[in-house]
Structure formats: C-alpha cells, structure tokens
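Beneath this line is the structure, given in structure tokens, with notes to follow.
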Amino acid sequence: MNQILVIVNRLSESFLLNFRLFALTLVFSLPLGLVIAFGSMSRFHPLRWLTRTVVWAVRGTPLMLQLMIIFFGPGLLNMSFSWPGGATGRFVAATAAFVINYACYFSEIYRGGIESIAKGQYEAGQVLGMTKSQIFFKITLLQVVKRILPPVGNEVITLVKDTSLARIIANKEIIMMAGEYSSKGLIWPLFATGIYFLAFVGVLTLLLDWLEKKLSYFRA
Amino acid sequence: MKKLMSVFLVVIMVLALAACGNQSQDESDLAYVKGNGKLIIGYTVYAPMNYYEGDTFTGFDTELATLVCEKLDLEPEFVEINWDTKVVELEAKSIDTIWNGMTITPELMEETEVTKPYVKNAQVVLVKEGTAYENTASLIDKTIAAEQGSAGEKTIQADDNLKQADYAPKTLQTEALMEVKAGTADAAVLDLTLANTMTGAGTNYEDVKIVDYLAEENYGVAFRKGSDICEEVNKIFDELIADGTMGALAEKYGLDLSE
Amino acid sequence: MAILEVKNIEKHFGNLQVLRNIDFSLEKGETIAVIGSSGSGKTTLLRCLNFLERPDKGSIIINNKVIFDAMDPATQRESEVRKKRLHFGLVFQNFNLFPQYTVIKNITLAAELLAKEHPSFKQEKKAILKGIQDRGKMLLSQVGLSDKINNYPHTISGGQQQRVAIARALALEPDILCFDEPTSALDPELTGEVLKVIKNLAERNTTMIIVTHEMDFARDVADRIIFMDEGVIIEQGTPHEVFGNPKEERTKQFLSRYKKE
C-alpha cells in the first residue's frame, strides 16, 4: 500500500511537468499563431511566401523530430548558442519547440476562421467609417472566436497528450516516470497515467463546452 | 526509432551547412570538460547501476563515476536521459558520457569512444550442487527454468543444446531458482547479477551453484568519438583495480568485474 | 448646387470594363432610382461612391469639394478615405448586421467609436454617449422596431433586419443614403415593410440613391430614374419620362420585359 502511494505521488509530481508545458505552450502559441496568421494573409508577397513555407515545414514534420532538432541542434552544429544545463534547459527547449509547432497549427485555424467571415461584415464596418483595427476587434474577432472554438479545442486536447513527447529529450514527464517502473517489471503505473490524461481532458472538455455555450447567444 | 534517428541526422547534416558561430573542433574533450569544471553523466534509473535508495542516489556506476571524477578533479553531474537518444545526447554535448551499465556492442564502438570493459554480465546456468554438468549438451532432455521474456529465455532458445531441453517458463527469475532448489527443474538460466545476489554463502540458495556462463557481454563507458577523456578513465580504472577499490565495489553490488 | 456630382467614372475588373464614362448629379433632397439588368454595373457604381471600389478614372464631388479624383493620389489615401466614406451611407442587399450585437448596439456602435475621436470626448463623454443612444432609439422607432431594441439579429426576420440596417446607416447622418437592392434578398411578404420605410424617408426629403429591381416602387418613390446597361447610363429622367416614354431602344427592351411580368 505504501509503495502504491509513493508511486502515485511520483506520478502526480511528474504530471506537473506535463501541465506546465501545456500551460506555457498555450500562453505563447495562441497569440503567436495570430501573428503568423497575419503573416500568411499579408499582401506583401515575400512575407506571405516565407510564412507559408515555415508553416508547411513545421506542420509537415513530426513534433518529436522538432524537439530533437531544437534541443540537440545547437550542440551538434557547434553553434555558439547552447541550452542552459540540467532539467531547466530541456524544459525550455521543449517549450520552444511546442510553442512554434502549435502556433503554426493555430495560425491555420485562425486564418481559416478569419477568411470565412463574410466580406459583407468587413464592408459594413468600412462604410460606417470604422478603422481596420476597429473592424477587426469590434466586429470580426468575436465571430472568428466562435467559429474557431471547436477546432482550437481539438488542438488543445491534442496538446495535452503531446506533452508526453517531451520525454524524447529526457524531460521527466509522467510517461517517462511510469517507464521507470515498467522497466523494472511493474506495469500498472504506465496504465495509471491514462487516468491523469483522462481526468485533465475531462476538465478541459467541460471548459470548452461552457465557452461554446457562452457564445451561443448569437449566430454567426 | 532507428529510422527516426537517421532522418534526424540527415536533417542535422543539412542544417550543418547553415551552421553559425562555430567552435573549434580540434579542442581536446578533456580540456572542454575541465573548462566547464564538470562531467555531465547520462544515466537511466537501472538497479544496481544507478538508482535511488529512498532519497539517496546510489549504485555501482554512480559510485564509480563519482570516484573517477574525483581523480579527474571534475564535479560529477548526473542527468537522466532517454536511452533511445543516448548517442545524440552525447554528440550534442548535453551529456559528456554515457555511464549506465551499458553493454558494449560493435555499433556502440563505431559511434563512440568506449573504455575498456569494466563489468561483466552474462546469462548463467545454475544447477543444484552435485548435479553433473559439462556443458550445455548435458542438459538435453532435462528441465530448465527461466523467466518468461527474459534474456535468459532468449539464450535458451538460441542455444542448440538447450533448445532440446524441457523449458519451464516462470513469471519471475526467483521462481526459476526455487525450482532448481526443489528439484523440479534440473537447471535455471538467469542474469549473472541476480544469481550473484541470490546464491552463495549465507543465502537461501547456498546449494545452488553457477556452472556455466552463456551470452557473455561486457559493460563499458562511452565518450564522444575521438575523446581523450577515455584514455584517462582507462588509466584510472587500472588504478582502481590495482588497489582493490573496484573489486570491493563490485562485491558490494553483486557484480563481476571483466577479465 | 448639386450635393453630389459624379464625373466620367470608369472601372474595370481585369479584362472586363464594368463602368464606362458615368456622369450624373444629385440634388439635395432628391431620390434617384437606378435600374437595369444584372451586370449593368449598378452595384459597382454604388460601391465606387462608398469607396468600396476605386474608380480607374473620374471624380466624385460633394458640395463642390472634390473628394475623389483618380488622377490625384492625395485624395486616395486610406486615412482620408475613411472620413470620406461618412458622406455616404450604404444599406446592403444582405443587411450585414453584426450578429454579436443587439439591434440597438448595431445602430449606435459606429457613432460611439467615432465619438471617441472627438476632441471634447473625455469631458463630455456621458452626454455624448447619451445623445447617441437617444438618436439610436429615435431611429429605431422611425423604422418601427422599438420593441426589438434588445434583440439579436438572428431572432428577427429578414425584413426587420433590413430595417435595422437602414436605421444603422442613418445613425451617422450621411449626406447621401445608398441602397444596394435592399429587398432582393427578402421574401415577397417582407419587402413591403422595407419599401414603406424607404418611402417614408423619401417623403422627408432624404437624399438617396436606390439600386432596385422593384419597378413599381422606383416609379412611385424616385424623383429621377437612371437606366444603366453594360456600364453606361443609357437614359435618365423623371419616372414619367423613363417609364412612360422611353427614348432609347435598350430602355424600351428592358421595360418591355418588366411590363410583361
């Protein structure tokens, strides 16, 4: 019994790493995605081309590979930049990789949402003398948010599971921790990790449903 | 996993063309770690090499590495890594050495600089004292026990003679030992480390003896290809063997040193 | 003095010449109905006036001031264009109400945003905003929808939405109110309520340009009819002249189709 408690304790602690990675990734990638979306919709051809190429490259390669490139790259290429030592450096590198990756995915969702808003909405704002910024923030933004909530919610839930990929550069998240036990012959911790993920995704699902409900007072 | 590694290395090679701010590649590895004042040691949790006893981090390799670092005047920094990416970690300099009960293989020798073997591992054949045993042929048509899915099982299946014996799979290695003691199995094939811990004077299995070493393998410590630290460590190993430290450590953890 | 003068407007999209040499003027208080088949350029003309499209050639003059000249880039700067749009109001075929705002907010939003640019906004904020609110409510009652003041657009009918759109366009007190086929997207039963509102505005001498397919309505409400075909003004005159005694062949062809229905 005591051993079970110890293991549960260690699993819970390591899940904190998954959670922190999840939270930091969202905090940075949600806004960065918007910046990238504007880049890919830019009228300035070179910028648009560059942005779309980067988005293609980032969405077109496995996140696992990106984690390795970002963490091992500087050392292997003898760059003057190097990640800070210890667990911190690995966590920062993982966060960087996740932020870039998810920002690109979000940017395409944003772009789709923004472009799907009827041109008439934009024109109605124009003929009423609104500036581009006013039109974006006062008219299109909320409509876009309502439209993109389901696909963004999907990505958020995928992110929860993806966080365990950080173990490829030895971030001791929950599955790596459970792996310690399975290599000793104790299997149940590995399956127990499923409970953590389920619970967390459950909470997120409730939150996303609540948000969807809040936005249901109008039809876009 | 291997495929992912090769794709990864290709990408890195392509990126290497665009690398910026290069450091000198001829720098001595030893000078490099001395410059940092520490040796970053990559490990995974693996008893009896590196593991936690309560809150204390200990183990054969933990203690050995700490001793060696003292002699090299370096601070040992233990960093838990992902075993699959150990060579990449080494090359990327996020660790300076892989020191974790690592079996020496030809691939490893190609990719890294390996010390001389320091600890021996094997699958061993155990029989009850007094049983006649010449070699594996002695066990044809006899009963052998081993842990299901273990290296011991693989060894039995790979050996022409042992293949012809009656194989009794057990859930745990310790159960195989029990069968030999009880006489319900003629022999057992187990990990050397476990055999050393569980049999011999003062144990429940005093009358069970190791009679053969199969599938011998050696452990070594890996450094970056071309590293000059390797030589230094080899020298220190020699010293530690000569003054008996290595032997005492091996006995403490129930391991056998390499010849 | 004409409130609006449109001179020599030309517009092409790619290889297609949509407007050729459009010339007309509009007096204050006058209502013009623009008729013609689809593709005649009526909508493009309206969009040019509202600065949603930029003419390739020509000029637009309001109250004797040149607000647009294709030859003069100074008149085309975005920052200026925004202010110039305020001379016009536009009611769209598809209403384009803002779905996330209530009816009253749809009407007052633009005015509130513009008020912020007013130099005395900070001191007189409360008074200014109240003024906007009151005006909004007044316009809403003018179009007969006071009871829907806090409704969201998706809870009212198309005809009601279009009436709100008209109130919204009026909120900024434009010099000229434009309508782009205001009833074309409505069920026949609902067109009546919208036409009634527009007629009411005409009776109050609101300066308007209405692009429409509703011939009877045009005849009834407009002071002047402009008939367009293939980007050109074929004929213009009073409803009596254009409907009763069309001079041009194409006008006669167009009207004959309508008379048969």
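Each chain carries a letter (A, B and C) given by its place in the written order, and its residues are counted from 1.
We adopt the following convention: a contact is a pair of C-beta atoms (placed from the backbone, for glycine too) under 8 Å apart; a residue touches a chain by one contact, two chains touch by 3 or more.
The shown structure was predicted, so the numbers you read here are calculated from the model rather than taken from an experiment.
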Contact graph of the chains (line, ring, star, complete, other): line
Ranking chains by how close their C-alpha centroid sits to the total C-alpha centroid puts first chain A
Cα centre of chain A to Cα centre of chain B, whole Å, reads 39
Distance between the CA centroids of chain A and chain C (whole Å) is 46
The distance between the C-alpha centres of chain B and chain C, rounded to whole Å, is 84
Touching at least 2 other chains, the residues of chain A are none
Among chain C residues, those touching two or more other chains are none
So, in the complex, the side of chain B touching chain A is made of residues 4, 7-8, 11-12, 15-16, 19-23, 25, 40, 44-47, 77, 79-82, 84-85, 88-89, 91-94
Listed in rising order, the residues of chain A that touch chain C in the complex are 118, 120-121, 123-131, 134, 138-139, 142-143, 146, 217-220
Contacts from chain C onto chain A in the complex sit at residues 50-52, 82-83, 85-86, 88-90, 92, 94, 96-100, 109-110, 113-114, 152-154, 168-169, 172
Given the complex, residues on chain A that touch chain B span 62, 64-65, 68-69, 71-83, 85-86, 89-90, 167-170, 172, 176, 180, 183-184
